[in-house]
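In the two complexes that follow, subunit A is the common piece, with subunit B as its partner first and subunit C second.
Right after this comes the complex of A and B.
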């Protein structure tokens, strides 16, 4: 089992690379349909989820925590799909949504702005300058989103295991690099990596269930032992009751605790 | 009434700022006090000399001395010496035990910091609870409240009363004597204890969550802590280590929340409380504590076999050699703010932490990430010898069955002598409180009841700076006329009232203030105010100040007082329990206080 995430700037051939990698390895592919999945399951209009995963949060959204909720849903859907392994996910923030999971190959497909602008101009029938402007705006938007929600710069190459300049290499080359990289020992499925993705899926599911009413909580799961972190010193019996109901809903939860006024660990969802 | 001036407005802003910071707790209370010490002279509301006069005030020196004397008493083991005779008098009746212990703590607390007395007695109370088979939750709250009430018995019993004379000095009012408050204090203690004896069933929690873990003690340690599982002996299969990554003690804890209390390292070396990184081998026995369902899951997943009873470890884990204790993190423990790995806990003490209890939650997962707070209860397993070493390290309060308390009888005599000396100096020779108490403290150091470094370490600088820092705020309030202005404004609002009503209103105000800001903060802010109010209303200003000094100890409704915060964990109390019991005690407190003041001072 392996999980590959492919992050891409707009119009950088990332989709084609992802599809060819999935075809060659016999993996399933997750992208836009993930949002549909989350939309169906949590009854949120798809457009809101798209905005959640694309746009930096507005001031209002920062207060209403709605973006946190939508991200929780998307992450829950992704973690569950990925827990079966052998998937290629291409879309926004895969490297962040599945962070801290061992064995996930994180790839970034990028290209020179001129290259991308030329392709965009050709595709949309607009001038190169116009295309460049659109791409720059799009890139900045995504960068702001990632920074504001996760505190990391998506252009930081240390976030990825492999970064490929698609304007320097052919698509076939890029596919070859990725397929060979995924064979290395570091990205092979282990009992531990399987456990981690299952734990992430469970943590995301719990978070998705409680995020509407309790948007500022963090959830971790380690071997089926769930901890819900709160910033406040006391959280009341409402949270307890909610969590007991959630516990009954999902199998595989062996213990559930609430740690109040605690620092959220980095892997908390 | 004087017109409102800029200085008055500034002082009121400073008061508002201090109160706000106390409530939101963005910074610690002593830091707020230091902030006042610095801002007030910068705003020219006090002179630089006045800003730091608190550091040399009689109140602060007296408190330092009281803390050192208390630490000296602790060194002598005198507290534990008291337990036996007290228990002999009390007998087996739960009510008599509560009365006896509460009275003892109250009297000790009249000469020590309340929290010091409460912390000193906690292990003894845990032991009494086990011996007499009285649930800890029935004992702790009455004793805790008595420790707070005991602070009203003498003028050195609590910080507000120690402060009182210093705050009265600017008004040239006659200071109070050491035992002037004693009749009132004793009445308050008696009424507090009476509340629990008469209405204990209504006030104290009933049922699982209030009973602590000592309900069915008997002599079987397994029963006492059965809420989080039991001990089982297991065997690992012969192929346990084949074709797999090594499994450590920590791995079993992380995955199954099961604690390995003992295990064999090949060929046959038995280890109690193995280190977390110890690797499990094939074909070995191990004793694990955990919930049955977690243990079964572990055994199934790892191929272990669960035995019906302890066999290999039957004698090694006998209750005469090892067991489980509940240790409370003391108010000034070195553990506070740190995690177990950060203090190298298991390497240093070789005992097994099993769970942490904090504010109604039990933590079994990721205990290594938890930063300790005062009042946390850590459940520990270990040999009594190792637990004793841990106990001597300090910072954790617990009792162990074997009576190995360290007694220093020769020190006890000297400690007693110096305490009596200080009292004679105060009462007999009418020497200033601070001088007399510091003489007692010095005497203890010279006669090596405790070393000077131990004396320094025992001083709680948080309390000192809190006091010293808020005194200039009181000075500024009085000096600028802000206190008088507020007092007149309040009186204009409430109109003409009888002295008793005025004192009652002051009592209620003090009670409310002390719940949100510290008792010292409430005292420093309210005394200048109420003295002015009393003067304007032609009531006795000393009585008004006395009401503040006493009523700021009326902190029972919420577990904000250090004593209540300390006892909350081991007693398994919820905030609601304090609300219930504290409301009744608070009302009784106010009634008894006003009644006694009226009776004794003829208000």
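Right after this comes the complex of A and C.
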């Protein structure tokens, strides 16, 4: 089981690289269809999920926590699909949605702004200056999104295992680097990595079930033991009832605890 | 033949991988061991050069910042001169920040294994691993601030490099194989234009070193033997300064023509008018 996430800016050839990596390794590819999955499963219009994963939260959204709810749905759908292994995900924020999971190769495809602007201008039939302005806004939006929701800068190279400047290499070269890297011992399936992704999938499912009512909760799962973290002690019995209903809904939950007024661990979803 | 430039916050990892890559591709390895040579040429202490390549930088230590830019210019001039020989793996000399527009330079960023680095810091400074992890984060932040102050570039930005490899996930042997494989690509073969760009970078650095010995806030660009110097100056000293720049820059080998662009020192001008 290997999981590869490919993060990229618009017009950075990331899609082509992802498709060729998936084809060469015989992996399945997850992209925008993930949003359709989440949309079907949680009955949310796809456009809202697209906005949730693309646009930085507005001031109003920061109070209503609606983005957190949509993200929980997307993350639940991604974790479930990824738990089967042998997948390449090339949508937004894969390196963040699957963070702390062992055996996930996180790749970033970068390209010079001039190169990207020229490609966008050619494809959209607009001037290079217009294309550059669109791309800069898009990059800015993604940067704000990651910073506001996850507190990290997506342009920080330490977030990735491998970053490739695509305008300096050919697509085939990038594919070769990624395929060689994923063959290394660290990205092979182990009992631990399988357990981690299954635990993440379960934690995400639980979170997705309760996020509407309790958007500020954190959920962790270890070997099927779910811990729900809440900063608010008043959630008490209402949360308890909700969680009891959730326990019956999913198999694989051995124990379910609530930790009130506790500090969320970094792996909490 | 191409040149390989390796950048990393972990000096030991950078050195180890640079040497292994140099062995694998049969190149010369150029690292911090050349600092004594630079120190001797410029008659400065080696530890000052090491300090200039380090992290601390704050706006209220302006005097030190000026000194740092002099020392960095000396390192830059020397390293660029050595890189002209090509077939070199260069590490630990901040070359990724001043080798610009040179297509036959493969720039690689090695992200250190954070756990291993925290362990090393914990052992070295006698602190807990938790405290060491925080110190490591502070070090990385300071290093990014240093690159921003010294060269106006954020060295954490992955778009600055051809390849970024995380040593926490990709082992050193695989990293060496990846770098050696990448440098063989046609894109990194030297061409007349890229060699010319490197030579012009080297010439600009030599002129900058010469000028920074007596002046501040200098920017230098070189093209086809023509050097453009941009500098701040007070109105009353413009002519004198332009003449001095032309005389000094003209002493550098290969400089055929010097163009001086002087920008008004608005703040100092205003301050002097109130005296």
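Operating definition for what follows: the second predicted complex is superposed on the first by the 268 of 269 C-alpha atoms of A that agree within 3 Å, B and C clash if a C-alpha of one lies under 4 Å from a C-alpha of the other, contacts with A are read in each partner's own complex, and residues count from 1 in each chain.
Operating definition for what follows: contacts are C-beta pairs under 8 Å (C-beta built on N, C-alpha and C of every residue); 3 or more make two chains touch, one makes a residue touch a chain.
Note that the structure is predicted; figures quoted are calculated from it, not measured.
After superposition on subunit A, the partners subunit B and subunit C are seen to fit next to each other with no clash. When the shared chain is aligned, subunit C comes close enough to touch A:181, but subunit B does not.
Contacts of A:217 after superposition: neither subunit B nor subunit C is touched. Look at A:18: by the touch rule set out above, it reaches neither subunit B nor subunit C. Judged by the touch definition given at the top, the superposed model places A:163 against subunit C, while subunit B stays out of reach. Angle at subunit A between subunit B and subunit C, computed from CA centres in the superposed arrangement: 100 degrees, to the nearest 10.
Once the two complexes are overlaid on the shared chain, A:227 sits against subunit B while remaining clear of subunit C.
In the superposition on chain A, A:246 makes contact with neither subunit B nor subunit C. Counted by residues of subunit A touched, the larger count belongs to C, out of subunit B and subunit C. By the touch criterion defined above, A:49 lies against neither subunit B nor subunit C after alignment on the C-alpha atoms of chain A. By the touch criterion stated above, A:76 is placed in contact with neither subunit B nor subunit C. Looking at the shared chain after the overlay, A:255 reaches subunit B, while subunit C stays out of its contact range.
For the overlaid pair of complexes, the smallest distance between C-alpha atoms of subunit B and those of subunit C rounds to 11 Å.
For subunit B in complex with subunit A, the residues that touch the partner chain are 254-257, 293-294, 297, 358-359, 361-366, 369-371, 575. Residue ranges on subunit C touching subunit A, taken from their complex, read 109, 111, 114, 140, 154, 156-159, 161-166, 168-171, 174, 177-178, 181-182, 185, 187.
For subunit A in complex with subunit B, the touching residues are 220, 222-223, 225, 227, 233-234, 254-255, 257-260, 262-263, 265. On subunit A, the positions that touch subunit C within their shared complex are 105-106, 108, 110-112, 153, 155-158, 160-165, 168-170, 173, 176-177, 180-181, 184-187.
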